[in-house]
Structure formats: C-alpha cells, structure tokens
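Below, chain A partners chain B and then partners chain C, in two separate complexes.
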Partner chain A sequence: MSGYLITIATIVVINAIVVCGLNVIVGYAGQISLGHAAFFGIGAYSAAILATKAGLSFWASLPMVVIISGLVGLLLGLPSLRVKEDFLAITTIGINFIVEAVFLYIPFFGGALGIGGIPRIYLFGLKLKGFSFFLLCLAFLVLVMLACWWFARCWAGLACFALREDEQAAASMGISPVRFKLLAFVVGTAMAGLAGALYAHYMRFISASDFSFPVSITLLSMLVLGGMGKLWAPLLGAAILGALPEIFRPLVEYRILFYTAVLLLMIRFQPSGLLGDDSLARKVLARVVPGGRS
Partner chain B sequence: MHLFLEQLLNGIAMGSIYALVTLGLALVYGILRILHVAHAAIYTVGAYVGLAVFKLSGSLLLGFGGAMVFCAALGVAIERFVYYPLLKYPPYVPLIGSIAVMLAIEELCRLVAGPYILTFPAKLPLAAVKLGNVTISSTLMAVYAITALVLAILWYITTRTEIGLAMRATSQDMAIADAMGINSHRVVSATFVLGSAIAAVAGVLVGIYYNQVYPTMGAVPAYKTLALIVVGGMGSVPGAVIASLLLGVAETLLIGYARIPLPRDALAFIAMIAVLMWRSEGLLGSR
Partner chain C sequence: MKQPLLKVEGLRKHFGGLKAVDGVDFQVDRGEILGILGPNGAGKTVCFNMISGIYKPTGGRIFFDRARTDGLPPFRLAAMGLGRTFQIVKPFTSLTVLENVLVARGIAHYGRFRRIWGPWRSKDQVAAAMGILEQVGLAELAGRKAGLLPLGNLRRLEIARAMVVGRKLILLDESFSGLRHGEVSRLEDLIRTIRQMGITVLLIEHNLRVSMKLCDRIVVLDHGRKLAEGTAEQIQSNQQVIEAYLGRRRRKNAAGG
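For the complex of A and B:
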C-alpha cells in the first residue's frame, strides 16, 4: 500500500472509533450529541500533555486518557439529565464551542500554537509508523467494535434501547434514566478519548481547530450515513465520508459543494442511513441475495 | 462615563442585529420545532444580493428590497425541499439536513463571489445624532431605526392580521389548525417568507455596519442565534429579542471592561448553558 492510502485508511479507522463512541450515545441511548469532537479533543489533548509534559509513554498514559475522557464525559453528560432533544443538541454544540475556546485561549493547552513534538508509539521496542501504526489502530477498532457488540447485547445496552424508544415507559419499568444515560455518555466519550490518543500520537501535532464544531458535524454525518444504531455504521460512514473528498479531488474547487450535496441528498432521501432497516441498499441486497434478510 | 455610554450604544446595536437574525429562527422554531441553522446562510445570501443590487442600481432601498425578495424565495425553497418532507423523522434529521444546506450555500457563495472580503460602500441617509458629548453615528441610527421598524411590522402582522392569527394557531397545534380550515403548509411557507426577509435585512445591515461581506459571515451567528432562542425560550419571539439585546450589551461591556480569558463567542454559550440548567424553559418560555 502506498503512503497516501495508508494515511487515509488510518484516519478513517481513527474516525470510525470516535463514531463508535458517538453511536453508543446517539444510536443506542438516543441522546443527541453535536459536540462529540470535544471529547475526541479532550482525549487527544490529555494524551499530548501526558506525553510531552509528563514524559509518559503511550501505553502508560492510555488508561489515564480513557479515564479522563470518561470522567469529563460523565460531567458533561449531566446536562442530558436536565434537557432533551433540541435543547440537548444546542447544549452539546455549546460544550463543543467552550471546550475549543478553552484549548485555544488557555496557555496550558498551548493556545493558538497547539501542542507539537508528541512522540511516536513504541511496541516491544518497535517504532510504529505507516502500516504498523495502521494495524495498531485497526486492532483498537476491532476491540471497540467488540465492546459495542457486547454492549448492545448486555442488560445495560437493552436498558439504553428502552430509554431511547420511550423514556417514561422505561422509567416506569424500573430502568433508571440517570444511570443508563450517564453510562452511555461515559462509554461513548471514553471511546472518543481512546481515538483522540491515537490521533495525537499519529499526527504528533494537535491544535484546537482539529476538534472544532464542524468536526462534530462530520462525525455525526458519518453515523447518519452509515445508519444510526447499527454496529457496522461507524466504519461504513467513516470510510465513505473519508474517501469522498479524495474521490472528488479532480473537481478541485467544487469538491466541498459535491460533498455537502451528497450529504444533503442522503439525509433527504435516506434518513435512516445505508444500513437502516428500510434503506434502499438493504432492499436491493435482499432482492439480489436469495433468502437475504430485508 | 463617556466611554461607557458609547460601549452601551454599540452593545445595543450589536444586540439589535442579533435580534433581527434570531427573529426568523424563533418564528420557524415556534411553528415547525426545527432548528433552522441554514437561516444564517440565508442572512449571508441577503448580504451578497443586497450588495449586488446596490452596485448595479446604486439604490440602497432597491438593495434591501432585492435581498428580501431573493431570500424569501430561498427560504421557502429550503422549507419545501428539505424541511417539510423530513418533519416525520426525529428532530436530528432535519437538523443535519439544515447544516448540510448551510454548508452548501456557504460554498456556493464562495464559488460565485470569491473567497475575499467585499466592502459595502453604502451611505445611510440618516443624520448622526449628538446627545451631550456622545455622538450616535448614522450607521448606528440606521441599525436602531430599522430594527424598531421591523419589530413593529412583525408585531402588527402577528397580532393584528388574519395570517398572524393563523400563524399563532398553527404554532400551537398544527393538526387542530388544519381541522379548523387553516392551510397549515401555506402558513409555514408564510413564516419562512417573513423570517427569511428579516434575515436579508439583517444581512445587508451587518454588511454596511462592518463594511464587510464574506462567505463565512454566517458561521458564528448560525450557532450563536441557536443559543439565543434557547435563552429566550424556544419559539418565544419577545424572549428572543430580549435575549439578543442582553447578549449584545453583555458581550460589548464584558469585553470592554472585564479581562476574561475566553473569546466573546464562548460567552454566549456559557450564558446559554447556565440558563438551561437554571430555567430549562428559557427566559420567557412556557413548558
């Protein structure tokens, strides 16, 4: 594989991990979040600071990064107990703007210069770069997807599904909305934190704009494109939205326009996503594959 | 004291402009329960069309009129093509659609008019006013006058006309309004016409006020006005106006006097989250 392809594939895999976390919050628990990039950023900044200021290796700092992201997720998930739907959407937009402003304006986080000189990851004394780094990210993606698969099948996951469908009915059956909403937020943001650590060690330079609000939109678009609440949706969405700008590259000036047009047509005509239960892709597949599920 | 008064006047102008953008958003939210992010893109288009018509015809009045007509048509097109068919889905679906529309319009503006900052060399036909040792410039006077005029017209339409009555009925309960013989889809379109025309006025005014028109001028207002309709109480038009004025004044004074390490755009969101936690229905909301 050429370096160009490996770079794109690595970014796609890292994005897929973040979107898996978003899927737990939005797809499984039904709590709309438009600020997921903030948690991706919190993971990346904690990894970068632990690596450059405390001199910790990736493996030593990783548990801490995941715990920090999860705890911040718990803290910032608290608004979700108070507000719902549109209000929650706007609150999470606000959280994203505030977190970005904190990164950009507080000198401890490197301010406008960002944080550079983040070391590479070593595994058994081997320096990971290019293809080997891609394999590392892929391994983490497999772990995260296994966690999602298990989460969707365990009792907590079923409780989250119940909350998503009807919060009042679920609460009357003895499912605590507080506990399971916060659980979904902690799991989802911890996954974003993990991806943030990988991103920081891959780019080796991070700045506040890497985690701005438009990034959150892109992440949510990936999830919607793939199909909200579906296990494979994050990977599919990240792969398509990661590849589209590269495929549209010959269009030069017009490529962002095409990219937004594809997104708009997708949401207009297939709002349940490519893997959604009533999507065109599924119907075609059911017709082509005899005996396939529709 | 002198400086304080000038800051205050600037703050009120800032707040008036926020109010003009937020009005359309509050109207649309009140009737469709959709977060119309693309409203800010309509405002950008308004500034561009206003500038183009002004340059071609030399008349600022025609500029305002052209921008209002064009934006009203654009607003209705967005409503018909994107929002109305998506109403049956969960609220995040039209929200993402709206964000996609906003990004697409921003890109179109960049492709058509170029990525540069254009100047808006219009003179407003209003005299500067001197109050003691404080001068209110003609631009500030225009911002005040136009905002007051728009608010008065809007108040008249919503409370004294039949279409206003239909709008209020539809925003309370669309199904019942339909049953009472109101063509609710037409009312929704009328709301978009009204909101988008006001956004066009805001766009042209901002263009003149800062003497700048550029493709991403709607980016920050897009999300800040969302915060404002939350603070004002979702769908409450008076609440949105009060919240806008408060934010405009607070931003200007805080930036002028207090040394806060965060930018002014973050302040709006901190205020918004504080209001949501303390009074989740907003300042004038009821629910």
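For the complex of A and C:
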C-alpha cells in the first residue's frame, strides 16, 4: 500500500473509533451530542501533554488518557444530561466551544501554536509508523467495536435503548435515567479519548482547531450516514466520508457543503442510515440473502 | 390488624392555582382490586403519577409496603415492586415485543453496578419473558416491532411489562379505553388472573360498567377530592356519584315536579 492510502486509512480508522463512542451516546442512549470532538480533543491533549511534559510513553499514559476523558465526560455530562433534545444539542455545542477555547487561550495547552514534538509509539522496541501504526489503530478499533457489541448485549445497553425510546416508561421499569445516560456518556467519551491519544501520536502535532465544532458535525454526519445504533455504522460512515473528499479532491473547498447535502438527503430519504432497519441496503441484502438476519 | 399495601393520606397536588388533587385519602389492601373512578379532570391520573413517583406531591403522605414513598423517583418505586401502565401507551417502539418485556425483566439488574454487564438475551430470560407474553396472549407477536402493534395489543404489552415489574402492586391507567368489546372481556379475565397470582391491582377506570364488575372496592374522585368510597353496590346508589356523572338533572326535575 502506498503511504498516501495508508494515511487515509489510518485517519478513517481513528475517526471510526471516535464515531463508535458517539454511537454509544447518540445511537444507543439517544442523547444527541454536537460536541463530541471536544472529547476527542481532550484525549489528544491529555496524551500530548503526558508524552511531552511528563515524558510518559503512549502505553503508560493510555489508561490515564482514557480515564481523564471519561471523567471529564462524567463532569460535563452531569449538567448537560439534565436537559433534553434541542437543549442538549445546544449545551453540547457550548461544551465544544468552551473546550476549544481552553486549548486555544490557556498557555499550558500551547495556545495557538498547539503542541508539537509528540513522540512516536514503540511496541516491543519497534517504532510504529505507516502500515504498522495503521495495524495498531485497527487493533484498537476491533477492541472498541467488541466493547460496543457487548454493550448492546448487556443490561446496561438494553437500559439505554429503553431510555432512547421512552424515558418515562423506562423509569417505570427501574431504569434511572440520569445514571444510565451518564454511563453511556462516560463510555462514549472514553472511546473518543482513546482515539484522541492515537491521533496525537500519529499527527505528532495537534492544535485546538483539530477539535473544533465542524469536526463534531463531521463525526455526527458519519454516524447518521452509517445508521445510528448499528455496530458497523461508524466504520462505514467514517470510510465513506473519509474517502470521498480524496476522490473529489478538486472539490475539497465544497466539502462542508457536500456533508450538509449528504446529511439532508439522508434525513429525507434514508432517515435510519445506510445500515438502518428499513434502509435500501438492507432491503437489497434481504433479497440477496433470503432468510438472512435483518 | 391487616396492614394495607398502599396508603395515601391527605394527598395534594397543586399546579399553580389549580388544585388537581386536594386532600385525598384511601388505602389499598393486599390482594384486592381497587378502582379509582371519576369524570375527566377529577385528578385520577395525577394521583397515579404521585403514587408512581412521576410527580412530587404538594402535600400529604404516601406509604407503600410500609415505607414512606412520596417524593421518591419512579425507578426506585419500580424497584420496590410497583409496576404501572400509562393512559397514553408508551411502548419502546423500535424494540420487539419480546425485547420490551426483557427491558422490564432487567429490574433485577439495573440497581447494581456489577449486574448490569451480564447478557440480557440469555435462554432463561427469553423463556421467562415468553411465559409472560403467553399469559397476556402476545406470544405469537414476540418478534414483531412494538411500534407496529394496534392499541389493544399495546395495552396488553404494557400490562405484561407491569406484571414483571409489579411484584406487589400494579397500577393500570385506563387500560380499557379505546378497546373493542371482545378485547374488554379478555382484559377483564387477565386482570382477574393477575389478582389470583397474589398481585394487588389499583386501576383507574372511566367506564362505570367495567369497574363495577371488576373491582372489590371503588373510590370516586371529583374535582380533586374523594366523593365516595365503597363496594360497587354502595357506589351505584350513592346520590353524589350519580350527580357527578349524570349532572343535576334529577334534582332539577324533582324541584320542577
């Protein structure tokens, strides 16, 4: 594989991990989040600071990065999950802008210059770059997808599905809305944090604008395109929205316009996403594989 | 002396100046079917919402299974063995009928952090949920998405969920409204079966005839206050109840004639 392709594939896989986290929050628990890039950023900045200022290796800092992201998710989730729907959307946008501003204006986080000189990752004395780094990201994606797969099959996941469908009915069945929404939020932000750490060590230079509000929109677009609440949706969405701008390179200036159009078209014609229950892809699949699982 | 399962004392709920429920007392004994009857806006559903924890009472006290429960959130009351249905049905629409019941079966898991990580689609769980669905007559529709069911089946589904959660008490909020004649009698049988299982039932009903047939005792509410309480015969001959339901024509006629 050429370096160019590997770069795109690596970014797609990292994005897929972030979107997996978003899927837990939005797809499973039904809590709309328009500020997911903030938690991606918190993971990246934690990893960058632990690597450059504390001199820790990727492996030593990784558990801390995941815990920090999850804890900040818990902290920011507490006030925001008490509001619903439109208000939650606005609150999460606010979180995104505040987190970005903190990175941008507090000197500890490198200000406008960002943080550079982030070391590469070593595994068994091997320096990971190019294809080997891609394999590392892929391994983490597999782990994250396994975690999502399990989450959808355990009682905590079922409780989140119930909350998504009807909060009052769920509460009358012993499900604490605040507790399970927070759980989904913490799991989702921890996954974003993990992806952030990979991103920081891959780019080796990060700045606040990497995690701005438009990034959150892109992440949400990937999820909506793939199909909210579906296991493979994050990877599919990240792959399509990651590859298309490369294919249509001359149109890159219009990328945001393109995303918006895709989002609107999906909402109008395929509201449950490409992998959704009543989507075109599933209908075709059902015809090709009769009796196959929907 | 026999302890009541549910006791409500001086229960009040005010929304601004509106006194939706204004000093209501009643109790539900273990194993009985108690009906709450009353015209629209009498405060029946508000009473239910306070008992099940959705509203905090403005005043008064609620005792469920000997513990004081007014002001507790709904999920805690559910964990104590109180199940309920909703007047406007609230199915988990994109989940299947079976999954809807499995959500209710999770009541044994949701309270403990370590127990929420176990799988919910195990053989035992599915078998138990299917058992409940057979009881309410929805077993054949187990794999159907709940959002596709007609109202009568949705009411049964809600009762199925309430039966799993309500180990001690089930609140049924107008479960008969909007049902066809055949469905009504089947639902009556189901409620009697629930009582035979040793579960106490408190139901709100609009339909006089149904509640007269089904309930051991009836409490009549009107304008947020208790109008009458007693057996079906006592209620039927109660002058105040007749007035609340039929208006004051009789007395007018009497005065005119």
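The rule is short, and it goes like this: the second predicted complex is superposed on the first by the 274 of 294 C-alpha atoms of A that agree within 3 Å, B and C clash if a C-alpha of one lies under 4 Å from a C-alpha of the other, contacts with A are read in each partner's own complex, and residues count from 1 in each chain.
To be clear about the criterion, a contact is a pair of C-beta atoms (placed from the backbone, for glycine too) under 8 Å apart; a residue touches a chain by one contact, two chains touch by 3 or more.
What you see is a predicted model; the values in this text were computed from it and never measured.
Chemist: In the superposed arrangement, which partner chain does A:Phe97 touch: chain B (first), chain C (second), both, or neither?
Modeler: After superposition on chain A, A:Phe97 lies in contact with chain B alone.
Chemist: Look at A:Ser2 in the shared chain and tell me whether it touches chain B only, chain C only, both, or neither; answer first, second, both or neither.
Modeler: Touch partners of A:Ser2: none, neither chain B nor chain C.
Chemist: Should A:Ala170 be classified as contacting the first partner (chain B), the second (chain C), both, or neither?
Modeler: It touches chain C, and chain B stays clear.
Chemist: Look at the residues of chain A and decide whether chain B or chain C touches more of them.
Modeler: Greater contact footprint in residues on chain A: B.
Chemist: After the superposition on A, what does A:Ala162 contact: first (chain B), second (chain C), both or neither?
Modeler: In the superposed model, A:Ala162 contacts chain C only, not chain B.
Chemist: Once chain A of both complexes is superposed, is A:Asp277 in touch with chain B (first), chain C (second), both, or neither?
Modeler: So A:Asp277 only meets chain C here.
Chemist: In the overlay, answer first, second, both or neither for which of chain B and chain C A:Ile106 touches.
Modeler: Once the two structures are laid over each other on A, A:Ile106 reaches chain B alone.
Chemist: Can you list the residues of chain A that meet both chain B and chain C?
Modeler: Looking at chain A, the two contact sets are disjoint.
Chemist: Any idea which chain A residues touch chain B in the complex?
Modeler: On the chain A side, the touching residues are 26, 32, 34, 79, 82-83, 85-87, 89-91, 93-95, 97-98, 101-102, 104-106, 213, 217, 220-221, 224, 253-254, 256-257, 260-261, 263-264, 267-268, 271.
Chemist: What residues on chain B touch chain A, complex-wise?
Modeler: Interface residues on chain B, with respect to chain A: 33, 35, 81-82, 85-86, 89, 91-93, 95-97, 99-101, 103-104, 107-108, 111, 223, 226-227, 230, 234, 261-263, 265-266, 269-270, 272-273, 276-277, 280.
Chemist: Can you list the chain C residues touching chain A in their complex?
Modeler: 52, 54, 73-75, 78-79, 83-84, 86, 90-95, 99, 102-104, 106-107, 109-111, 115-121, 161, 164-165
Chemist: So in the complex, which bits of chain A are touching chain C?
Modeler: Within the complex, chain A contacts chain C at residues 153-159, 161-162, 165-166, 168-177, 180, 183, 277.
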